[in-house]
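Shared chain: chain A. Partners: chain B in the first complex, chain C in the second.
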Partner chain A sequence: MQNRNDPNSKFSFSIQSITHSKGFSALGAALMAIILGLIFGFIVMLVSAPDNAISGFSYVVFGGLSRIGDVFYFATPILMTGLAVGFAFKMGLFNIGASGQYTMGMYFALYVSFMWDLPGGVHWIAAIVAGALGGMLFGLIPGIFKALLNVNEVITSIMFNYIGMYLVDMLIQGNAIMYSSTTTRTRYIPIDAQIPSLGIAGSNVNLGIILAVLIGIILFIVLQKTTFGYELKATGFNKYASDYAGMQGKRNIILTMAIAGGLAGIGGAFAILAPSAIPGSSMTYEPINIIAANGFNGIAVALLGHSHPIGIIFSSIFISHIQRGGTLTSLVGYKPEIIDVVIAVIIYFSAFAIIMNNALAKFVKTRLLKKNVVSDASDPDIKEAE
Partner chain B sequence: MDTVYYLVQNMLPVAIPLLLVALGGMFSERSGIVNIALEGIMLFGAFFGALFVLIVQGSSMNPQTILILGMVIAALSGWIYSLLLSFASVTMKANQVIVGTALNMLIPAVILLFSKMTFNSDGITTNISFYIREIPILSKIPVLGELFFQRTYLTVLIGFVFLIVSTVVLYKTKFGLRLRACGEHPHAADSVGINVYFMRYAGVSLSGILAGIGGFFYAVGITDGNVSGHSGVAGFGFLALAVMIFGQWKPIRILFAAMFFAFLRTLAYSVSLIPFLYNLGINQTYYKMLPYLATMVVLGFTSKKSRAPKAEGIPYDKSQR
Partner chain C sequence: MENYIVEMKNITKEFPGIIANDNITLNLKKGEVHALLGENGAGKSTLMSVLFGLYKAEKGEIRIHGEAVNINNPNDANAMGIGMVHQHFKLVEVFTVLENIILGVEPISKGFLDKSQARDKIIELSERYGLKVDPDSLIEDISVGMQQRVEIIKMLYRENEILIFDEPTAVLTPQEIKDLLQIMRGLAEEGKSILFITHKLNEIVAVADRCTVLRKGQCVGTVDVKDTTKEELSKMMVGRDISFSIEKGKRESGDVVLSVRNVTVASKIHKNNAVKNVSFDVRAGEIVCLAGIDGNGQTEFVSALTGLEKINDGTMHLCGQDITKASIRQRSIIGMSHIPEDRHKHGLILDYTLEENLILQRYWQPDFQKNGFIRFNEVRHYAENLIEKYDVRSSQGPVSIVRSMSGGNQQKAIIAREIDKKHELLVAVQPTRGLDVGAIEYVHKQLVDRRDAGKAVFLVSLELEEVMNVSDRILVIYEGEIVGELDPKETNMQELGLYMSGAKRNTDKEAQ
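Our next item is the complex of A and B:
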């Protein structure tokens, strides 16, 4: 369509090769969804309290920067649950049960840190491993149901969210060593079971975030460089073709769900084993029969990161960043729930952002570029080529 | 016998929301759209229904009139909210499960935000009683009267009416046949001149209406007319999906599936009133887990020979073969 002799044509070709790459379109889609979500949030703020909307919105966008330690701290669990959802999604499985796996992982980690007497250097590592096992258990069961009994994993993993919630709350409330009935929360975790802090003043950020990023990178390598990762992605693209090629679909489903569950479980362990900025205390858990929000935020993180491990690392930090900003909006009279609204809108749009972007690009190409071509088309050659 | 009456009387208001929402899910999936947003639509309908009740509760209107008007409001709001799903999944061809999840996440946050800013609470609290001690004449029928027409809610009767209407619409009308065709083989349906996009919008809209009503009935029958953004509808939208699968996408089977789950749930919450179960001394939390565990077991047995609509979850694209 473009003039071949145009000196710009080579340049435009090279830009196209970038803009047409898959990663770029995913990034563009995510950015578009984020912008639409933030605009929606801004409108909600304008409607509810117009006077403070500007300052409130600037807290949402930039507020997290002043608390960068906390941003990383709160990003840790949702990075793990995001990986749990995204990893399963690569295979075409929708692991909506990250909440239940997260809760189980948290309980297993709590159990090891309270009930087992281990030497200092090993204790927190053992607790994290226990968390992984706990989550794995709750990922494994929906995986088995899916692979062997053809039960939709969405339904089973939702059921396991509730089962996990009731089970863990009951087990914690029945254990006097973990649970203090006067504060109706779990007790402070023994010091040697806490993950070492990174030592940023006034923040709980700990080694967990570094481990989580490392796990993300390992997953990236597994997906890109191993047979298992290849089979996983192939099954995600076309189940029947991969079966025909001799890949063991059933085994891979169970394995994927178990790994995904383990990732969410580690997220639960990271969340509960964190040291506190206040000396002598630590994270506690209150069993009040509510499904862990971090699991659902993990879905948001995974979708925004396009289920790509590296994308998930960045999207978890972004989500955590606007969540921190959201809590700061209460300084000017807003409620932190505004961020949950923004996140939900972002996911809604990210579900069809790629289609929307393509439509927009098509529109730009056909309308605007055509006009361009027509307007500077003085020689008949180009017109003929059209 | 009193225990049986008690269980049935308490079971029906729980079964009806499940039944209605599962019927809604059935319409949506029969048209080819997986509606995982049922939970959110329920909460949306419940919220606007309760908001209406809150506004009119001071007036001298009859509680049952308020209930019916609230139901209409809930149906409308459920329909409007479901349009977000149909727009994304039919027009924009987005992944239906992702859109549904987003819609589920949006509503509790919106309700919390709105309620905290206007009422300074987590939701809406109403103080009107829709409870019916006994329905005249009908309650005098031996056994049946005591089971169905005493200590109940109007929602139970309305629910059964909706069941009959849904069955007729799905199996005995041109619309129902076309809807089912779109869920099984949309290209074949399109080739004989059925507008697949329209039918899918219609299917999702019906599910929105039914789920909105179901949500309001949940608020009426289970949470005494209150709606909270925190507890929402306690996973009833998801349970309804399980009920729908257990009911194999067929209205009458869905009724029995809903009854089964409602029975387990009622049992779980009335353990202390049943001497036999209470004396067993099992932690009551196990009973609360029972409906979910039963779902797993039931699905494990029924999913092998699943009669799911063939084209569900796949966006319809005219140009594909």
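Our next item is the complex of A and C:
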């Protein structure tokens, strides 16, 4: 309060309010992590094949731009799983079970596509809703275990990744309408159950990405503007204080996990219901006992996006972008795995978000506020150092 | 030129955005007890941490025995004969007293630990300074007062000449405080030099020779204690006059608001019950204080009363309604406000803004939400009103992150929230813990104000002065039982202390 009377501090006050805002620091940390990750990736490329490093690196950074449709197409499922992880994380729950929820959602969507005979306009919508329900079921169960029996959600949701995967593989292989034993894959999905394409030539990009972005925005509104979001974040920040304020912690845990599961389930539905660029075909699923990687990529997306729904929209597109670029590096002789190394490093650095923040804030402060630091010292509300 | 053992000259220590110590000079004479007085955040602990090597000052120099020295870490400080008793003891709970004392300076003969040599030295020290300890007890089995004596012997064992006490009396009972002050005098007479951090004026008057007062990181001055008064010291510390006595008119108490019968609560730590068969009433317009030494069941009782924990047996009624099994929200609606013991753990969401914290108990009411959406304009308006009315200070008003606020203002925010909410009973648990004189005065005024407004106030306190000054009725709890009901006008601190330490108790009949 005293600061405001001090004419000298006006400048520092405004800059401080920007540098101290959460959005700025999260974005700053993410950008820093990305830059360091890319530099590290470049070094790895330089070491493994020095001659092609420059061209390979430019594929990583800019390659995605030439396939913008695919960037959005591949961003869709990881955007949803990213939201699934990030949303639960806002409440302090680590939903590592996005893979199982994603797989369940995919199965429910497949089931409605094949087994239900619905009119064209609603078939794909019904399949997506079914996907949400499937994911929700697999989020709900760890949520109930956590809320009522205090079983750690990490353990249950990891187990449910396996349960979901084996269960789905078993159910699909046992169903002759869905599964073709000659191709060892699911059959082609009826055309009216596929999500309408956005019509970009040579790409599978579809309405799913638009829906996913809308869902992200809705989540943002829920978190920021509603009493449920207020309770959820309060519980995530301080469980004891939320109990003290009479919030129903158990109900909220179950609800949050169910919503998170539903989000991942929608991701699974979006992935399997995507239209194929090749006429007469569709996406297929091969039951080969592998846990869906898109679930784990969701953790990376959520971390990079700081669990913030809008941040997750951008981080999923970014990760999809460099993944596309990464596959192009094979043109100059790199293994596409190089991009997984880069992504891993980016995630590694974004886990150091706080350190990055402080480093950045200090840099900004010393550069811009050198003269104004002293006037800040009159701030009476800094606690005595212990 | 006088002969000083420690000279801290023009010490300046900055933290990002704040100067914790601004050009402070402090000189310690050999053989004196030198008090360091200041509000929370005045920079006392920082200054002592600089002396003890925990922080490095940007400017200024430290001289010990007249020689300029560089203290980079506590080991350096130890080597120069500086010892410190921290507010929270640094003892290994599962080790014996003896093992704790020799930790780090273990006497070794032929490669093996030689305890007998250490034992002799400890017994000699303990007799010489009147520090009663049993070398073979485990730390976890002995009282807090004895643990503190172990800390003191630890310093003496290392032959420290300069002893720093960081708020040593905060955890002690009145009798233990008296003993400690005597011990400190004894140490000073033996030639030790003592720095005594405190914000309790009575203790300074009782024991200190000189006193240096800090305010907002600056040195206000050093005075001889015998030439000054409590009132002057407090004025130096706070910068304005402070009234020590709480103005409290007479008031007839009204209807029973809270009625507790035969409440028993299980302990989470041991097998016995933490609260045993507790019964009492609190009426409208009175402040009832539950007094006791920390750890005698107060925390468990309040958890049960406010609904954070279940009770094993008994009943509780609030405003005539049975709340024995009611949820926290139901209790809140019926009329319970709760200023919690641990404001960081329960009272606040530190990463939320001030305005978000101010609606923590009310966000679900129609005033602040419509169809599940929070009405942010109303929230802002409400928060601005409360901030103004209760003088909650922060750097950015309603949008300040609470974590960045000072402890006193955090507490004001909680008090504003709990008092402004509709309530009949205010449960205040150690509401002045860790606050400075100015903020304590404010809190006490608010409590008395509630009482005068005809509300029931249930205060839980460990501070004797607070118990005596604020309450209309005192219940003393010892080992989970109410051992006495006292009238503050007819009792004194000594008697209260005896009840609190279990040395005296009413018969069960009287206690009911």
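FYI, the second predicted complex is superposed on the first by the 343 of 386 C-alpha atoms of A that agree within 3 Å, B and C clash if a C-alpha of one lies under 4 Å from a C-alpha of the other, contacts with A are read in each partner's own complex, and residues count from 1 in each chain.
The working rule: a contact is a pair of C-beta atoms (placed from the backbone, for glycine too) under 8 Å apart; a residue touches a chain by one contact, two chains touch by 3 or more.
What you see is a predicted model, and the numbers here were worked out from it, not measured in a lab.
Undergrad: Let me test your reading of the model: by the given contact rule, A:Gly246 touches which partner, first (chain B), second (chain C), both or neither?
TA: Touch status of A:Gly246: second partner only.
Undergrad: Which partner does A:Asn238 contact after superposing on A: first (chain B), second (chain C), both, neither?
TA: A:Asn238: touches chain C, not chain B.
Undergrad: Taking the superposition on A as described, I'd like to know which of chain B and chain C A:Tyr230 touches: first, second, both or neither.
TA: second
Undergrad: Per the contact definition in the header, classify A:Phe62: touching chain B only (first), chain C only (second), both, or neither.
TA: Neither: A:Phe62 stays clear of chain B and chain C.
Undergrad: Could you tell me if A:Phe145 is touching chain B, chain C, both of them or neither one (first, second, both, neither)?
TA: first
Undergrad: In the superposed arrangement, which partner chain does A:Tyr348 touch: chain B (first), chain C (second), both, or neither?
TA: Once the two structures are laid over each other on A, A:Tyr348 reaches chain B alone.
Undergrad: On chain A, which partner's contacts cover more residues, chain B's or chain C's?
TA: Partner with more touched residues of chain A: B.
Undergrad: Tell me, which parts of chain B touch chain A in their complex?
TA: For chain B paired with chain A, touching residues are 36, 84, 88, 92-95, 97-99, 101-103, 105-106, 108-110, 112-113, 116-117, 229-231, 235, 238, 241-242, 245, 283, 285-286, 288-289, 292-293, 295-296, 299-300, 303-304, 306.
Undergrad: For the complex, which residues does chain C have touching chain A?
TA: So the residues of chain C touching chain A come out as 14-20, 40-46, 49, 55, 216, 306-308, 327-329, 331-332, 338, 340, 345-352, 356, 360-361, 363-364, 369, 372-374, 376, 393-397, 400, 404-407, 409.
Undergrad: Which part of chain A faces chain B closely enough to touch in the complex?
TA: Chain A residues touching chain B: 44, 48, 94, 96, 145, 149-152, 154-156, 158-163, 166-167, 169-170, 174, 290, 296, 299-300, 303, 335, 337-338, 340-341, 343-345, 347-348, 350-352, 355-356.
Undergrad: If you look only at chain A, which of its residues touch chain C in the complex?
TA: Interface residues on chain A, with respect to chain C: 1, 3, 17, 225-228, 230-231, 233-234, 237-238, 240-248, 365, 373, 376-377, 379-386.
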